[in-house]
Amino acid sequence: MTYEVKSLNEECGLFGIWGHPQAAQVTYFGLHSLQHRGQEGAGILANDGGKLKRYRDLGLVAEVFKNPADLEELNGQAAIGHVRYATAGGASINNVQPFLFDFYDMQLGLAHNGNLTNTQTLRRELEEQGAIFASSSDTEILMHLIRRSKKAEFLDRFKEALSKVKGGFAYLLMAEDKLYAALDPNGFRPLSIGRMKNGAWVVSSETCAFEVVGAEWVSDLQPGQLVIIDDQGLHYDSYTTETQLAICSMEYVYFARPDSVIHGVNVHAARKQTGRRLAKEAQIAADIVVGVPNSSLSAASGYAEESGLPYEMGLIKNQYSQRTFIQPTQELREQGVRMKLSAVSSIVKGKRVVMVDDSIVRGTTSRRIVNLLREAGASEVHVAVASPPLKYPCFFGIDIQSRRELIAANHSVEEIRQIIGADSLTFLSLEGLIESVGIKTDAPNGGLCVAYFDGDYPAPLYDYEEQYLESLADHTSFF
Amino acid sequence: MTYEVKSLNEECGLFGIWGHPQAAQVTYFGLHSLQHRGQEGAGILANDGGKLKRYRDLGLVAEVFKNPADLEELNGQAAIGHVRYATAGGASINNVQPFLFDFYDMQLGLAHNGNLTNTQTLRRELEEQGAIFASSSDTEILMHLIRRSKKAEFLDRFKEALSKVKGGFAYLLMAEDKLYAALDPNGFRPLSIGRMKNGAWVVSSETCAFEVVGAEWVSDLQPGQLVIIDDQGLHYDSYTTETQLAICSMEYVYFARPDSVIHGVNVHAARKQTGRRLAKEAQIAADIVVGVPNSSLSAASGYAEESGLPYEMGLIKNQYSQRTFIQPTQELREQGVRMKLSAVSSIVKGKRVVMVDDSIVRGTTSRRIVNLLREAGASEVHVAVASPPLKYPCFFGIDIQSRRELIAANHSVEEIRQIIGADSLTFLSLEGLIESVGIKTDAPNGGLCVAYFDGDYPAPLYDYEEQYLESLADHTSFF
Amino acid sequence: MTYEVKSLNEECGLFGIWGHPQAAQVTYFGLHSLQHRGQEGAGILANDGGKLKRYRDLGLVAEVFKNPADLEELNGQAAIGHVRYATAGGASINNVQPFLFDFYDMQLGLAHNGNLTNTQTLRRELEEQGAIFASSSDTEILMHLIRRSKKAEFLDRFKEALSKVKGGFAYLLMAEDKLYAALDPNGFRPLSIGRMKNGAWVVSSETCAFEVVGAEWVSDLQPGQLVIIDDQGLHYDSYTTETQLAICSMEYVYFARPDSVIHGVNVHAARKQTGRRLAKEAQIAADIVVGVPNSSLSAASGYAEESGLPYEMGLIKNQYSQRTFIQPTQELREQGVRMKLSAVSSIVKGKRVVMVDDSIVRGTTSRRIVNLLREAGASEVHVAVASPPLKYPCFFGIDIQSRRELIAANHSVEEIRQIIGADSLTFLSLEGLIESVGIKTDAPNGGLCVAYFDGDYPAPLYDYEEQYLESLADHTSFF
Amino acid sequence: MTYEVKSLNEECGLFGIWGHPQAAQVTYFGLHSLQHRGQEGAGILANDGGKLKRYRDLGLVAEVFKNPADLEELNGQAAIGHVRYATAGGASINNVQPFLFDFYDMQLGLAHNGNLTNTQTLRRELEEQGAIFASSSDTEILMHLIRRSKKAEFLDRFKEALSKVKGGFAYLLMAEDKLYAALDPNGFRPLSIGRMKNGAWVVSSETCAFEVVGAEWVSDLQPGQLVIIDDQGLHYDSYTTETQLAICSMEYVYFARPDSVIHGVNVHAARKQTGRRLAKEAQIAADIVVGVPNSSLSAASGYAEESGLPYEMGLIKNQYSQRTFIQPTQELREQGVRMKLSAVSSIVKGKRVVMVDDSIVRGTTSRRIVNLLREAGASEVHVAVASPPLKYPCFFGIDIQSRRELIAANHSVEEIRQIIGADSLTFLSLEGLIESVGIKTDAPNGGLCVAYFDGDYPAPLYDYEEQYLESLADHTSFF
């Protein structure tokens, strides 16, 4: 088993719509605004009067739907779409969603965001009963559970299936006459309902899609909630009462787009607030504040405002770096040839710089950026991180399933400071993070999942329990 | 003749290197950092011990060199590269540079950035003498002039040719044993010399490439200057003494990357200064400052600092918009479906917003953004533009050759304000722009070409004279 | 339901190998020689010490494995491969074989050639029990039956599954430690065993692959036979005793490659013999014999030898026509612009031509070729067809599932002659076909399935029974 | 200088049309039928009322014009097209024809088939005068000569240019109001005029295109002839009187399509006649005749008819081999794995085989095929070649410019027999070839160029003289 953490990755984005003559087109634009949640593949499934059709491929949304005809063929008044994030294990079109199931008695379309924790157990049980899985994705599990349920009504079969899967999940299920949206009992992932001017209902992983498609926010799905949409309107239901909000705090810190609003909190505002709080906690004497583009710019501007220091563009990200196949060789790197990020010497030369970053995973990137700033002439580099140290794996949707490469799981703050070569290193306190986000809720930790910071998981780990314990045994250097 | 201005486009970027074992690779990274200067096509020509080889194609640098083998085949210690900007008239690989010329007595490689003003006259003269042109680009002209020169020495032939072409140009010429760089008598385009740690000389349209390839800045090419690089080192020469610096002011306002330094002035700093000056000149009562991403963020932060207003992320640009083939239909647009840019209601709602933009060309984009902000709930939208009104065409390298679509050539500031729907509209004064940039020079207009603002061209227009006069006659509404 | 017969198409080709260090490479060359059996897609599944890997895509074998690396990654000493024929209903990579199944307890690979007749019934039964199908292909059925079998031993489960599927089938099943080959109870499709010089066993739809991979023929699979190959050697078994040979006669007439040998009969020799017999039955006074390229050349040369008439190249097929996207418009066709086939006037001018074709499906092609020959100056055109009239649909693997477009199902020979504009038209007698092929067997019809000629199906039609009866009712003009 | 002969390759095919509303479409179909003359690239240039447009690319005609829109954009009543054969030196789109020249005073389109012998001399002269060449093709030379001519009339300038180029050439030149066709003074390459039903004039390298586009043959261009076509009709002219027919004999032996007629002789008939003559000259005792597909089938059928032996399909060519990227490794080859060609054991086993081939270049292919037949069980293999031994290079259009790899330039017939492993080897006599073709003419060698057989070139070699003499010196083993 390989324990490798590439970088922080999130699992997918969902968009759904009911009641619009150009449902697939709107879904296209919705997915486009969710592209940051997954770049490996994309697909749209349309419901044309009860007949489901689908188009999907590997690549960005714009690449998958390069040929307008492919989108135009997806007629119908309802649609669901999915963007899939890049996994380590090799891309296969088979795993690109939404899935489309053709049964003798019905068609169903399914899209899923999150990570189940009892996949292995359920899959083995199902295969022992003769089930055949078509993909390595754990999304199919739900469909097998639905189809094997003995309940008379479809809705009851769906609820029974939802109560059997564990972990973090948001589902969009398209039936011939209804669109369903469901969220796990902790609400690990965001999922919101909106309404367009023409009355169409939309569902999206993030509200940024609402700004793009001209929809008004209606509600956020609550833990354990199930929403049913059809031509009669929208109906709220639930499949469990054992719920407790624990939304992934990294959505606020890093994943979500700054213009999204999650549980009443604007992401940019939350990040700016972490920056302000960080400035108060850190109290660093410096000349300028520089954010690591692009995710740390909100926090950096908050830091600058609170500290009174000027906010400067000392690091520039090459906006064309996304799809570059050629990287500098080791030899060229030693000569200073680099891509993606460069430090602006005319800005940082001779300055004491506060470099604000959103988080530190392995520390290698931080070390490179500190070094860039020093080479460009910064006299001091103080690293301020707008979240606490990442110490524990996540099993509910973020791609950190080991502690081996989490630098903070293995080193003290002072050790990390030395490794990355900073003059000082400050992490935001856990309390500071929770208060900066400030969701209005009575749930523990202010409604946030902060397990990667404190190891206290809001739900059982099931099939991952053993893997988690191994990882603890493996890395004994707690601080 | 069609008079259409798409948006502000610049003509190309150049990178050259002499004395590095991986010359083509370094050129690749250099071009990558100049990608913003041209996205239509790219090419690299390497000099392998006197034998020139070249690879080019349509597309971004990363796409052209998708296959590492294509880059690896470009062996040699010297190279020149080129990125070409997207023209309206249909892309052809024939026009992608560098050009490679195989003669019975030598090989020559040529790359060109800018626009000649006497192309038509020279081309006709040459064709009357039997010359055949292989492309519609005006770059070939120089080569015909060199090859027809009667001078004995190659350098003298090159100088004679340079003295015959008029307009804005920066050339990189690769001979079997030398690399030449030359700039027009007004220095309309930036071109700088740097040096890598291993001693290799590099030439680049912008110094941002130096940060990327680990080179130190050595000098900026001066108007009329000619630089000769070979294994013996670098030698400065000139082909004319009738020179006067008039570098394109839009390089500072819009084209160049913020981390570049041109004639001693950092672009981000210049932009921030235009924002400060604009704040002083505008004196608008407002709650927040919002920049139009990405080019106006420096000016906006300057404006915020000077005015004391908070700088907020009220507009979000979708970073994946670059290559989208599907656009919202008219019907969807009316329903509010949009891409690329969205306004963040949770930030702008109920606020008096100063929206800082770098320039206004046709006004249509400005109108759309003002509208976005209003729909997102802004109570007032004040547009502050960090450059003067664009009123006149450019014939030296920017793709504005008509006045028909320049909104400021046809309307007063008050009319423009009404058209774009702003509560107020302020342009930076010409004096403000010149002083904000602040090049250390005695040349008129602080060494800047500001002809698109005041109609006072720093050099004769030659073949374009008639077109210019027509355009004046056509649009009589001067203010 | 659309009743359309494009042309005669066959369903797929299979190749398998056990015991060769470059199993996938050999399979590649084997599939290449079976390319005529399917051009829509191709795939290879390799067994690397019990671990199954697979690569597949749409396109010709050479296109699918354009990148040698894709083939090289398929390590292992055993492999199965498949070429899929082009269906009308839109190509999907999901249907390209071999299929690969990953279970918790084993991996299995499956490739299938033929058409099941009880797919619909079985699929519905399985879905009612909760089964989910991943493709629209009927190949998956077998796997569901295997996995749901209650037998203790894998071999017994496989046999039970084989006894439940009906129709025409040849299967290759790759398990972790064994390769299985199985044939339906009528042996509708050919499947042969061979052995390479190094001792590796190979299985192929046609023996032409043996010539290509340097293998010796060992045996042909018999109806109802099951062959098991592993490191201990090859073992013959069977899953039913109710068998009777009825191999598709169109394999000899049209589908198979002339160099293949099926049940002891070389295909070229069989075709030549049909030509000889046709000459005896037809007795046409003529000057030259011309075959329709390429499939009718063997029959034509037999006709020429028997009749004593010279065999001439009066029709030329453009060898580059395979992948042409642009066809002459109606207007151009009327002006005589055509592709693919042209008649050679200097050969046919003034001649009485016997045009030998292998079969007539819709008659449109025949009409066009007769017309070509007349325009080129032939004084008479006598059409001689080396098979009987096609009157009935096939449900065991040929893509004729309706009678609507079979010209011979709706018209008498004299009517067909008039429609195609021939001076005379002769079909080979059914007896003539059976005797010309001459398999050494006691089975009825000389071991051939000739149901498309006489309507007498060698096995029940199951789910197709109703469709068959409808088609009879629909077309009452029997002769 | 590398002396390598890949195999016999011919240089390109031409098609032109004047007076048809869908000129480009007709050209497409014409080029398609000339595809055998060149597979590297293709292009069409259309004349839309005096405005020339062009589309070209690397690949087969069907690939180049994959997108129907590209063809549809080529409006106009006249067009010229070109197919280019695959050269060793790397494909470049720059060399794909027709060429399009945009001058200030006119547009010209040019396509060329053949090889000039004084290219190097002319190119150097022109470059010394300042000319710049855009391609490595020698086609541009003519255009430089035209543009530099001092004659007043365009026609005179064209004639002057034609009289300066030497070697083998067929040109199609499209001017704004005229289409010109011209042939070299020896008529090395075929070029014919035809007329469509609607009155449009067509010009084609081979008459097979006339069958395809429904045109009637009008005339063959004569050596030194120049044809001018415009709306007034067709006019015959000439640019020289020093002419003598010496058409490439390999057109009849190998290059041309069997359905073409060249100088009154059908190619299939000529080949069949060489087969008959060969049978008379060889007098081999054998059981069957087998032709090497596809080019030798006509000769083989002639041999069979004359000798009274049966003509059998003992060798099968895989029709899908054209574009295969993966070849058997040496190891697999030794195990008998092969592609492209296979021998049919059920046909050749125990038989004395006459294997008829059109020509022998390097002998390696012959050796492989003889071996194939023996492995398949042939008891004797007698090789009969339907042309004389190839001993000398060609400088007029066939890609043999050295003698090093011509097996017959270096070995006696008996030595070749041993090398290829045949039981006997017979070449057709030179007299036999000339008489078999039988053009009605008084020119020497029956109007054929047979220089590769006897070393007697019908025209001076100019720039190639030295290369030729070197090649003689290099290979002294003449027989």
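For the reader, a short list of remarks on this structure follows.
In order of appearance the chains are A, B, C and D, and numbering begins at 1 in each one.
The criterion applied here is as follows: a contact is a pair of C-beta atoms (placed from the backbone, for glycine too) under 8 Å apart; a residue touches a chain by one contact, two chains touch by 3 or more.
Keep in mind that what you see is a predicted model, and the values were worked out from it rather than measured.
Between chain B and chain C, the least number of touch steps comes to 2. Steps from chain A to chain C, taking the shortest chain of touch contacts, total 1. The rotation relating chain A to chain D, fitted on Cα atoms, comes to 180°, given as a multiple of 5.
Distances between chain centres, each the mean of the C-alpha atoms, put D farthest from chain A. If you average the Cα atoms of chain A and of chain D, the two centres end up 62 Å apart. Mean C-alpha positions place chain C and chain D at a centre distance of 37 Å.
Chain B and chain D have Cα centroids lying 50 Å from one another.
In chain B, there is no position where the chain touches two or more neighbouring chains simultaneously. A ring topology is adopted by the chain contact network, closed into one cycle in which each chain touches exactly two others.
Contacting chain pairs (ordered by label): A-B, A-C, B-D, C-D. Chain B meets chain D in the complex at residues 93-94, 101-105, 123-124, 127-136, 140, 143-144, 147-148. Every residue of chain B that touches chain A in the complex is listed here, in rising order: 22, 25-26, 28-29, 32-33, 35-36, 60-63, 65-68, 71, 196-198, 208, 211-215, 257-259, 261, 266, 268-269, 294, 297-298, 301, 305, 310-313, 316, 318-321, 323-326, 328-329, 331-332, 335-339, 342-347, 376.
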